[in-house]
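For reference, chains read A, B and C in written order, and residue numbers begin at 1 within each chain.
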Amino acid sequence: MNLNSPGSVFVVGGAKSGKSSLAQSLAEKSGKRPVYVATAQAWDQEMEVRIKRHQMDRGPAWSTLEESVNLKDALLGIDHRDKVLLVDCLTLWLSNLMTLENLDDEEILTKCRELSDVIPRLEAKVILVANEVGMGIVPENALARRYRDLAGGLNQLMGRTCEQAILVSAGIPLVLKGPALF
Amino acid sequence: MNLNSPGSVFVVGGAKSGKSSLAQSLAEKSGKRPVYVATAQAWDQEMEVRIKRHQMDRGPAWSTLEESVNLKDALLGIDHRDKVLLVDCLTLWLSNLMTLENLDDEEILTKCRELSDVIPRLEAKVILVANEVGMGIVPENALARRYRDLAGGLNQLMGRTCEQAILVSAGIPLVLKGPALF
Amino acid sequence: MNLNSPGSVFVVGGAKSGKSSLAQSLAEKSGKRPVYVATAQAWDQEMEVRIKRHQMDRGPAWSTLEESVNLKDALLGIDHRDKVLLVDCLTLWLSNLMTLENLDDEEILTKCRELSDVIPRLEAKVILVANEVGMGIVPENALARRYRDLAGGLNQLMGRTCEQAILVSAGIPLVLKGPALF
């Protein structure tokens, strides 16, 4: 492990905090060929607009892989040589496991652990983005509470697994763990 | 005060951020006998499951004291010799004051100040856990807004009172005030 | 630019996190004459109580300017000599642009960029306060989601523009960018 270039990075932040931009910038500065692993599915117009906007933000150097559910297999299936994989984002993936796949908590925890186990074994550098969703009022809705708890657990797992963890607020990165950024 | 072992620690973080685990680990590393001061009341099944899970997470070294309302008296009533008291959590205690005790804002502020006044006088080391609940959208519900404001005020008070304050995100502690952790 | 006295400061934090108190304290310690630029409009009793409480918190050294919409012109229109301008807060201003002025996203982004362009050109020191609103669960309400996205974008812009950026939790400042506080 090169201290200034950790093999795995976890970027967590609020909505529109600049976490994806930061992750993209880290990927581009890595000197490796960037692969965008998109977990989003365009199931409504609002989502479609967001996805399009994000695609335009990235340049032609990027290749894209869409995988909303089988993230572990998708990551293992990529040719890793000289690559940096940006997974954006885990919170949406979690939401897909809950709503598209209808998995229960135990099944979701298994998926999360499988993903976490794979990260240190990837030859490519990997950057994973997730939302901080637990710093508001307890949601009235039971599904939202379940989602919030699972997202918090997933973020903890990623915080433990990755060599570097970064919290983003107002577009500014705050290193929680691992080497300083600049 | 031993700089590396502050007498009072405030741990704040989002839901499922790992704040309770961190607090437990700090208590266990203190070399003192840990007392878990639980503010939770099991008023529904969801809550009961959470409480049970948390009890299983703690080992047999821990003793437990349940007190959902009279926190100041509970803390004063414990034999403090060689003890570390973990109060988990203040946000639930606040919620109990509002909903079980029906206290108004003035009465709640008095309770918070009384608790805060007692902390520096405790012979035992004390670790207090609370939720960050103010970083989401303004709640539509007036009670939730009142709760959010009171929780923010309580967190400020604890941040001022305690010798060390720690923010937790993705399971990773970020020292806001006081000595570094490692 | 004096490294220990940045010309522009962005303070972001949750509800009742102590961000306004911190901003006021920074303004008072600057040695300049403080001007409070209030973006709040008292449209209901809850708001009126908040505004009154905040006014009482500030001392007689402060002058006050109320401007809920045309923030850029208000800032340019002040006599800047020996002044420090405290804008409290940008999140409410954004909300005013959305609900009082009915501006669309493009118009709001233009207003935000105009404000941001003006900040480095002000002769006075300027401190801008905003809410972190993106770290809770995705709101069910489409207007709240739009607000959350715009607020995140505005916070990023301010984080880039200002010489110093500070995140506040539990009343404790955490410098994200620029010179340390103490």
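The rule is simple: a residue touches a chain if its C-beta (ideal position, glycine included) is under 8 Å from a C-beta of that chain, and two chains touch if they have at least 3 such contacts.
Bear in mind the structure is a predicted one, so any value in this text is a computation, not a measurement.
For the touching copies chain A and chain C, the fraction of interface residue numbers used by both falls below half; the interface is of the different-residue type.
Fitting chain B to chain C on C-alpha positions gives a rotation angle of 120 degrees, to the nearest 5.
The distance from the centre of chain A to the centre of chain C, with each centre set as the mean of the Cα atoms, comes to 30 Å. Contact with two or more other chains is made by residues 14, 132-137, 148, 174 of chain B.
By the touch criterion stated above, chain B contacts chain A in their complex at residues 13-18, 46, 132-137, 139, 141, 144, 147-148, 169-172, 174. Listing the residues of chain B that touch chain C in their complex gives 10, 12, 14, 130, 132-138, 140, 142, 145, 148-153, 155-160, 165, 167, 174, 176-177.
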